Amino acid sequence: MLKVKGISVRYDIIPVLEDVSFSVQEGQFVAIVGSNGAGKSTILRTISGLVHPFQGSIDFLDEPIQAAKPYEIVAKGISHVPEGRRIFDKMTIRENLLIGAHTKDNQAEVRNTLQEMFELFPILKERQNKKGETLSGGERQQLAIARGLMAKPKLLMLDEPSLGLSPILSKKVIQACEEIRRSGTTILMVEQKVTEILKLVDQGYVLQRGKIIREGKGSELLASDTIRKAYLGL
Amino acid sequence: MDLTIFLQLIISGLLIGFVFSLIAVGLSLIWGVMDILNFAHGEFLMLAMFTSFFLFAQLGIDPLYSLPIVVIVLYFIGAGTYRFVIKPLLGYTVLIALLATFGLSILIRNLVLFFVGPNYRVINESILAGKTFSIGGLYFSVPQSVAALLCILVTYGIYLLLTKSKFGRALRATSLDKDTAMLMGINTNRIFEITFGIGAACVGVAGGLLVNFYAVFPEVGLNFTVLAFVIVALGGFGNNGGAFLAGILVGLVTTMGGFFIGPEYKYTLVFLLYLVVITIRPKGLFGW
Amino acid sequence: MPILEVKNLSMHFGELAALEDINLAVEKGEILGLIGPNGAGKTTFFNCITGFLNATRGDIFYKEQNITRFGPHRVCKLGICRTFQIVQSFNEMTALENVMMGAFCRHHLTGDAREKAEEILKFTGLQDKKNQLAGGLTLADQKRIELARTIATEPDVVLLDEVMAGLNPTETEEAIGLIQKVHEKGLTIIVVEHVMEVIMKISHRIAVFDSGELIVDGPPEEVVQDERVIKAYLGEEYHAES
Amino acid sequence: MQSAKQFTSIFGGVLVLFLVAPLIIRDTQFQHLMIMLLLFTTLSQAWNLIGGFAGQVSLGHAMFFGIGAYAAMAPLNQWGLTPWIGMAIGGLVAMVAAVIVGYPVFRLKGHYFVISTFAVAEVVRELFSNWDWVDGPIGLDAPLVEQGWRNFMFYHTKLPYHYTLLIFFAVVMFVAFRMERSRMGYYFRAIKQRPEAAQAMGVNITLFKQYAFIISAFFTAICGSMYGLYVLHIEPSTVLSLDISIKIVLIAVLGGIGSLWGPLLGATILISLQEYSRIWLGGTGRGIDLIVLGALIVIICVYEPNGIVGLIKRFSRKKRKA
Amino acid sequence: ADEIEVALLYPLTGPLAEAGGRIKAVYDVAQDVINNSYDIQGIPFSKTQGIPNKGNAKIKLSYYDTQGSPEVGKAETERILQEGKAKLIIGAYQSSVSKPTSFVTERNKFPFLCAVSSSAALTERGMKYFFRVAPTDFHDARMFFNFLEDMREDGRDVKRIAMVYEKTEFGIHAMKEVKKRIDGSGGVYELVAEVPYEYKATDVNAEALKVKAAKPDVIIHASLFSEMMLFAKAYKNLGVTTNANLSFCGGYQNPKFASGLGDTVEGYMGSCTFAADFIEKKAQLKTINDMYKAKTGMNLDGISMEAFTTLFVAADAFNRAKDLSPEAVRDALAATELEIATMPGKGVKFAENGQNIWIASTMSQIKNTEYKVVWPEEWATTPVTWGLRP
């Protein structure tokens, strides 16, 4: 479904990604792990077109997208929940969610999804007419995830979704991802809760200083010594 | 003082207030919602007036009928300004937009001066120009009354556009966080371009009506720019209804204040009003 | 005598009671863990103490002084400094300059402040990033800079709001070490964190907020066994795991 | 930030240039240009302290400019008081005005602040317009008094104006330079970027904004005095106008906002453009000079939104790479 | 032949570009008349080519733009002096620019010939190098009150006077002259409304209603075009009635005012040193008017005619000056006694203070979109129409 071939990315002149290749099959749950500053977020940003690689190509559903604009990429069915809880502060929570469904034209369907999100995150329903800026950190994170789900994407990219969520909620979010995957959506996730996430995923990639150093089934990676040493502090 | 004068003051204040509103609503959209400071707003108004004037003088189309044409022309002027001047500046300090549009205002004003000369032009014979009607000793200027009517329509239309439509939602999202808006699938450039066009088109409506009771000359926009800026801030940013009401308020203040306190103070009163409001409500009358 | 004491503190946003009648005291040299579900009022609690919000009711005492209505800058000068949950780096300054901003609180000369900042950067292990603009750093690095900058104000009490979010387990270990090092300097710390491993490891005492109320306050081992905490915050599974 | 050594050598060079230029080039047009250049650089640098470094965009600096102009001119006119004392009074009054104005307006954020500074300036302009002692809207003319330093009037030479302004220019540059690398300078930048975080670091942001505003007002007023004494005629609609406020800001933005050399670069470009486009293209009566000026401003902005300073940085980086 | 250069200092761009443009056109015509052979009766230097006593040297005009600003005006003046080519400066339009610029010339002992600035204060500064051709507010006000006196003697109501003026040097001086005369009338006249307004107004409803509430017999205006037009429209829109509406030299004189506003301004009156119907009385003016009309499509107006005359004053001074040094030109200007048939009054002779004392102006009235002279009798082509009804 998604093929990333040999991309390299620089911010200004500083190289961040070097010759990164990987692919995501339809219906898979894939995770990218790596230490701080390895370039995980940058991979997602590159796929969704916020930064452009100066080398390499990205194909989505067999179409090249490395030069496309973010909104075109979204229209093709990729949804990206960025890190850092970037919600629209001055808009109500309901509006924030509706913005998430900007590419959807079927209003009835949008309303349905909205109800689903309200079920998943009851706090959002309760506060739907309040401005985004009044939310707490964790509530924002919930909103950001829900907003990304509103698009009903073919490929959902999540950047550290459990950041700042209470243990209960963070489990719930990861479970929800499982469910979404089961319903046919492909998921590409960046996560720091390595142990939890690698247990669940089909495929995992380990990123170090802009290069993929290992890949394999989640359970394989978990078993690997290098991973355990580098990321699990064991 | 007799009652007719008093009532006339209110009527005249309201009528001119609507004109102010109409000019400010376009600015409020561009500045208040998109957060782009357009100093060339007054020049857009001037261009609208000239377009209307020349359609009348050269082709004999009455300003009332040419209004749609003027609106369309201004839409493209606005959209073009966005594409060629504003777009490259997004993401830099807002002051750079101020500088660029200030340069643009000098450019437009003097280009017009170059091509049509500095003369004052006046339309005296048109469907609206120079007409008044009176009810019980109170006088209503017809072109200003029409302007008032259109102002209400335009403001309401923009209100609907902003709050009730998908477009409006996308616009607000874009102005709050461009990158994230793009991730929502919003074509942010298009949204901004259209909005800039609409903002200019609002000024088009104002200009198309203003020719009926105002002289047209290259410097005409300057008289209104500053006032429009204060009106938008008074109403509160991000709120078109605010600009609308503030415009009317300013119309009343200039007229009533000018009469009772002294005409030489009428604009000072507007500024004082702004300062007083802002000390009580730091975000304007209706801002967020 | 507690170094920081909060009495009957309430903070209401219109209808919503973000904090309701909180009574909490922190002893000098203590590390207090503050946990609770999202939206429980933890950040609001910090905001009230540091003067960013004016509490609706109640009093805040610091070293026996009532600081309830003090502005943020005065609170900082007195020796209470905080980090922000949603990072607030000075994006167009380098990491070093960010930390210098903290150091200026006690050192008015640029040279002194720079010296102090360098020292803190070394202490926090950030010296190789010192000339990078903060805006270009990753979220986790920015959080570390916030921590460094906070320490640089030479406070007696620091309030840390999720400084360890977004770190992988190894990095978290390092961060814990860092906080313990800070603690050894004699600082009093209140730390908000959702990662239980961290909280359990470093806290001397844990306070749990739920819906604006302080529901449990006690030693870590007791708190995680508490039914209310498990129900509201940890989830049944946690219970099962431990 | 520039290293102190680099700054000193550039600064020295600039000073020497301004010292000898009017002695070598006797063309009064050129001398006039240099005076305007020094005046507007100084003004713009003064604005830069509050607007550029601290990020509080004031569109009301004409109020201080006007206060300075009137303070020097009115007592000279009415009592023959030496304008030097007037200048000092103007500086002080402007500082007091900054405190009074600053108190309410610094609570405001962003555009509300911008418009309120401008509104205050308009109100001040009205005050002067209705003040009979200074002849209201008609304004004041420099009296035909004896030439010399006492009255600061020179009828056949521009050099005294030039060198006096050069001193002010040097002082302001030095202040800005010291400020940039002092605690205050860091605080200003912090306030500009993240006021909340700055507060958490113990910065009393209102107080520091006030400091910046007061210093800025003082220098602006001094420049206003110089302007009045040089142009010989002041009136509310010129020295207290929005035009002046905007020009001051534009120069800083054009040069590169918040940078030490921005004002000088901006003024060099804008003032020479203005003066020379008028000299070469004016007089046709069709505003070609202003067409060119407007077009160039737009082009510069679009091409280099970081101002001339950004342009220079870009070039020097390219060179280094090559 | 040689050329004698004259520097013209006017607002060619900026808010007053419109007036500057018209003035420029008229100077070009005047230059043409002086430099080439036309033979217009009553106009000196028209038959000859150039300046006879200076070897038929041609007048050369170079324009300098003040942009309407004192600062720019001063810089341009210095540039003129520096370039050292011009023998004389003619300018500026606004009094507020003429003032500082003439200070510069005075200090440099260089002659400055002011054509149209109307502030009486200009010639009350004891300057030696400053001369002015145009009538001042003083002359206009004197004419207004002589006219009103006449009307009063005919039994018309003129007692209640409303004074509307812009808050600029122009307006304020005009107002002061009017006030002086009202105060000196011993109660014959009464100032019932004093309405100053901010120049660059967006609307004048409050002002017009103030006038309306005062129920004046006579409204006197000192306004520039844009506002004058707004006032005219406001008076009509608000049903303001009055017996007479008199204008100081200003927006009223702009031919667009009469032609563009149609019946809105029917019956408005104002001071005028030139009106198209002068042509009826003095055929030679038609030639000039035609030349001007060919350039601009408009008829001459008072201001233009004053400017036109001014260049002849310069030519005459050059002709008589013993050489072209600033001193000599100044002396020649001071001794001017130029009879020229362009304006009411005999021509130009300067008093000690530099003010033209052979000047006179007439009262014109807009009738059917044209300016007609209605007073005094010797110039009048039609009688006064009394009373304005919207």
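Quick notes on this structure:
For reference, chains read A, B, C, D and E in written order, and residue numbers begin at 1 within each chain.
One rule holds for everything that comes next: a contact is a pair of C-beta atoms (placed from the backbone, for glycine too) under 8 Å apart; a residue touches a chain by one contact, two chains touch by 3 or more.
Computed from a predicted structure; not experimentally measured.
For the pair chain C and chain E, chains touching both partners: D.
Seen from the C-alpha centroid of chain B, the farthest chain centroid is that of C.
The chain pair with the larger count of C-beta pairs in contact, out of B-D and D-E, is B-D.
Chain A and chain B have Cα centroids lying 43 Å from one another. Chain geometry summary: the mean Cα position of chain A and that of chain D are 50 Å apart.
If you average the Cα atoms of chain B and of chain C, the two centres end up 49 Å apart. Looking at chain D, residues 129, 286-287, 290 sit in touch with two or more other chains. Residue numbers of chain E whose C-beta contacts span two or more other chains: 13, 17, 20-21, 167.
In summary, the structure contains touching chain pairs A-B, A-C, B-D, B-E, C-D, D-E.
Chain B makes touch with chain A in their complex at residues 166, 169-170, 172-173, 176-177, 179-188, 238, 288.
Against chain A, the residues of chain C that register as touching in their complex are 13, 35-40, 42-44, 85-87, 136-141, 161-162, 165-173, 194, 196, 232-235, 237-238.
By the touch rule above, chain C contacts chain D in their complex via residues 50, 52, 71-74, 76-77, 81-82, 84, 88-93, 97, 100-102, 104-105, 108-110, 113, 149-150, 153.
Listing the residues of chain E that touch chain B in their complex gives 13-15, 17-18, 20-21, 167, 195-198, 200-207, 209-210, 212-213, 225-226, 229-230, 233, 236-239, 254, 256, 260-262, 264. Those residues of chain D that touch chain B in the shared complex are 57, 104, 107-112, 115-116, 118-120, 122-123, 126, 129-130, 242, 246, 249-250, 253-254, 257, 286-288, 290-291, 293-298, 300-302, 305-307.
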